[in-house]
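Consider the two complexes below, in which chain A is the common component and chain B and chain C are the respective partners.
== the complex of A and B ==
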């Protein structure tokens, strides 16, 4: 058992690494120029190139993969010369990068050739101080300085080079002289819980992702609570009545419900309950972050759609397993022994018959996530699925990668739990 | 080969043999119904190649008309005839694949068909190698497939399409990648079973190459389950194409695509319900038909194996 556990954990880690690489490089290699999306089609190539370098996209792909996964503060630290720390912003609570200059959090900026150090005070405000003596000289005699700028990048300023950068502000692009030569956006890396900045919203992905995950968890949880008992019940009923009319209805109905794409089911439910009968809200519009708790009716149609899709599948699995168990010798023995039929079913058959569906349900989480994406898009439900969808459409790779990693982690974790549950439930299986 | 059949009358002719293997479909009522549903759409598709009631892409009519004499199923939000669009919608799925570029060239076989062929080729190759060679081959191939399976399918579609853009070829690639792991697992388990047989031992003793044994000895004997599985996969593929179309990232215009028709029409769902209902029903019936067919066929085939 211990060996089996270790093996599956190692295999899981390798799988996760492969998945992260596939995700990163697929989006890396394939995705078009994201700066066109952010800056608009009328931006000049020069502006785009400048903005690309500010996003750190000019670094080689493998380097960015390592940064993305494991962070880069440990790598950049030696260049800046001070330890790099994150301090939450007083207003937004989002992490900001500072260099720790002898206990004093500091950032730098270059204004009209003057290097200014911004020193953070206890109340969150900063004081400016001219630090012209800090320039260093390289072999060719040019003066340079590595520091942390106000946008969470580690940057290299060159004195007197007059490099110009295009800075994106709320009002548009602004040209600035004396810009830094090299940008390295600082990040802690996915392994330490920092997924980078969402290119769509300009906020850290982790700040926007979790509320979406919560919404999806509520939706999937409610659907699960409704689907499970109902599907198992229908499956068992069909399995006991194998070949009879009731079984036919449940089996074929289940097949039909599973084979119908989620969006078709959703559209028909909207038509019936939202438009013709006008009983339920046809879309899930969130007027506040906690709208689902204030108005649970918003959940009704999304949950019904998910139920319709999942119900058939699980019921069919349960049925197949029940049929197999009811065919087995020990059930026949119990019946011949003169045990009441109901007792044979409840005490002997069901326990064994439920084993397979439980594992399969765990494997089925992948499918459920797929259904969630579609259901959330149909109803405009602000959950994880819609988050991935919106991010993928925009090309916001940081957000897609993080959200996809969340779904993959959930899927792999449930599969592992399913494997373990199966071994624990079934004493006949023992891993050497 | 005609001379080589002197025992005429004893051996059934080729046609009879073929009919015998096809007749199994009609033993199952479920499979027959499923086949009828699929054939209905295939027929519609072939008719649409030569004739549709109106020009599918022309905005010739008033927008959002209810069903009437000229437009049997009504018109959509751009005043296009829904009947014609519905009919032509079968083409991209089942009958033709548009090649990339500006050329108007299409190859026969729809996106769903090519996607499934792709996943069969890739999956069978990986699965046979893993199953027959075993050892490190097995470990490495299965590890890679595990990583692919770990992706929720739709997330993989979204990532592939976000990365490579829209197009028939991209959708085929997406279906191939998502379908291959399942095929590979099936092919692997079949190969592991078949490689213990005597005729494989005989081939090995003859000194046949590994490739010969995999593709000429094992593959033909693993054909049945793989084909039934492929039938189900065509259903999944159409399901996937519909979903992608609905999400607005599926097959590109101008050819009508059912999923995309639903997607566009649902914006006017309060004023025009017919435009949503018909393409939805079309996808649902085609996918359900394929599922019924594959399911009935599998039931019928496994009945004799018991």
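== the complex of A and C ==
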């Protein structure tokens, strides 16, 4: 069992690596120019190029991937010449990068050709100091300086040739002289718990992702708890009543519900229960962060939609499995032997009949978690599916990657649970 | 309701031009709206101006409620109820420095916590807001702004000229990147902004401009506290009626009522009447369903399709408002065949305006002449709406074709975006212009695809937003200096430019209208655009909310909204 677990964990890590690479390169090829989305269609190619370099997008793809995974402060440290540290901002609590100059957190900026050191004081304020003597000289005699700027980048300034850069403001772009020649956005990397910054919102991914994961987990969890017992129960009932009226009703009803796409079911449910009868909230309006706990009825229609789609499918799988088991020789033997029918079904048939549905159910947990996009979009439900959808449309690479890592983890965890469930149901299956 | 009588002397005291305008008004040469606008522009307080004008139209707003009046529905006497929550559906994006705002949704958030020096009401009249009044010199180059006394920020500090100067400093600082900088191009940095005393600021304009009060209500022009550091979410300090409790982009914004707001309600206690505002960030479609089911009370800027879905829902009140938003059919006058005015005129004649309005916008708008001046602009000069005339167009085109030695129909490509109503307009025009001798093929892309080339295509349909004065939009697109920027047609005309400059410095509405008449004629006669209609927009809110105002730029003005269950 231990070996089985270790093997599972290793395969999880390998899968996550492969998925992250595949996603990275897919977004690389497929998402187009992210700077157009951020800067707007009125931006010029010159502005876009400048902004690309500020986002560090001019670095080769493999390098950006390594930075995303493992961070880059260890790589950049030697250029700046000081250890790089993160200190939480006093107001927002978000991490800021500083160079540790002999115990004194420092950043730099170039203003009208003057190099200024910003030294962080204990209370979070900074003092400015002109440090013109710190320029270094390269082989060609040009003076340069590597430092940390105020926007969490390691940057290289060239003396006397401040590049003109386009800086994004909400009113559009403006041109700034004194710009650095090279930008390396500093990051710790996913392995050290830093998922990077969302390009859409300008805030760390971790600040926005977790509430979405929680919302989706609640929605999927409630749907799961309702669908599974109900589907298994209906499937078993239909299976032992094969060919009878009850079986026909369950089978045809289930088929109909499954065959209707969730966007159709969802919209009909909204129209009937939300708008016409006004019994249930039509869409998931979150008037506070914990709205689903304050008003659980918000979950009613999304859960009903998911139930309609899932229920029929699993019930039919269970029914088929049950019919097959009920036809087998040992069940016939048990019945002929005179064992009570109820005991035959409960003790002997169900356990074997559940093998197939368990596989389906475990696969469907993934679907529930990652594939809720349609349901979440219809109901305006702020969950993980909608998060991935919005981020992918925008090309928000960091957000997509982080969300994908969550779904991969869930997928692999449910597979593991499924494997363990098999061993409980069928003692012949053992994992060495 | 008491009726104020204001003597000519009192008017004269404020500004010598006012009695003259009053005469024009009493003789029926200018409308009441224009008189009020002009009188307030010249420094008369809005309540006085309303009182002067109110005598002629008894169904006017209450003179005793300065600055909150303006909506045509007379407020019910008494019966105001306090309390309750207002919930709106609106997209919420990243928000930091109000001066940098580039989207109205963000301004609707900031508007609840902060305020403006002036306010352009739903009736397109600009009134003092944080100002008590303003005064302009006769040459419109010196503007005196008098700040209202006793207004407190929500951190307890009093609003003084220092805050206003700080805010002007933010607007005029290129490092902040405010779009106010371009609007206030007539100010030469902070040296043009003078603090006379704690409640008196004087602006020294480089060039005359009558639009100063309107500019001060441009949506990024929130007055900031003098210690503001650049992020309104971290530092939600303002003079507004509500305080910010929570802001999560993509999720929600929550506001609570402020106890010590400076404006008084009709019951003699401070506004606002509502206890809480909640904006929820949803897709438009989810927002429509939420409004139908009563989960939210209103929806930000409904699209025409949303209007169709919501207009007959019981319990919702639809308030339409005419705007100066339009979809301009624009022609590149530096390219063949649009360099020939006969071809341009022919295409303009091919617009069957009522049909286009019906097909593209469900008839919800006002028909337009082929000029970028709207009837809601105060100095608009009334013109006949041109008739659909395919025969006339064909005659012009035949003359052109004979000269050029080409065959009709004239093949042209019309580019636009699939966004609001552009494809419907394009399709209608294609069919209507066939009779006039045009063979139009359509090139319709997604909005981003069109904005990539909107200034470059030779024939296109471009959407333009509402601006309260015609003199605010014309210099953006129809003068030589704007080529390379927003002059998408490359059209300019010396006579037009001269007259436009004159209009920009003419305070007298009647005199300005005379100039506008000529400007409209020039644009209709040889201009580069066709324009079938001005869009209406709608405020759709649950019926229990009273005092709701539909604003032509979809601004949410909520300080005096109340709930009548």
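We adopt the following convention: the second predicted complex is superposed on the first by the 408 of 432 C-alpha atoms of A that agree within 3 Å, B and C clash if a C-alpha of one lies under 4 Å from a C-alpha of the other, contacts with A are read in each partner's own complex, and residues count from 1 in each chain.
To be clear about the criterion, contacts are C-beta pairs under 8 Å (C-beta built on N, C-alpha and C of every residue); 3 or more make two chains touch, one makes a residue touch a chain.
Nothing here was measured: the structure is a model prediction, and the numbers come from that model.
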item	value
Partner chain(s) touched by A:283 [first = chain B, second = chain C, both, neither]	second
Touched partner set for A:393, first chain B, second chain C, both or neither	first
Contacts of A:366 with chain B and chain C, given as first, second, both or neither	first
Touching partner for A:275 - first (chain B), second (chain C), both, neither	both
Which of chain B and chain C A:193 touches, first, second, both or neither	neither
Which superposed partner A:27 touches (first chain B, second chain C, both, neither)	first
First (chain B), second (chain C), both or neither touched by A:208	second
Touch count on chain A, higher of chain B and chain C	B
Touched partner set for A:379, first chain B, second chain C, both or neither	second
Touching partner for A:124 - first (chain B), second (chain C), both, neither	neither
Intersection of the chain A residues that touch chain B with those that touch chain C	270, 275, 282, 377-378
Residue ranges of chain A in contact with chain B within the complex	11, 14-16, 18-19, 22-23, 26-27, 29-32, 252, 255-256, 258-264, 267-268, 270-271, 275, 282, 366-367, 369-370, 373-374, 377-378, 388-389, 392-393, 395, 397, 400, 404, 407-408, 411-412, 415
Chain A residues touching chain C - in the complex, by the definition given at the top	36, 40-42, 91-92, 167, 169-174, 176, 200-203, 208, 211, 270, 274-275, 278, 281-289, 377-380, 382, 390
Complex contacts: residues of chain B adjacent to chain A	30, 143-144, 146-155, 158-165, 235, 239, 242-243, 246-249, 259, 262, 266, 269-270, 273, 276-277, 280-281, 283-284, 287-288, 290-292, 295
Complex contacts: residues of chain C adjacent to chain A	87, 89, 93-94, 96-97, 99-102, 106, 174-179, 181, 220, 234, 246, 248-252, 254, 278, 280, 282-283, 286-287, 289-290, 292-296, 447-448, 451-452
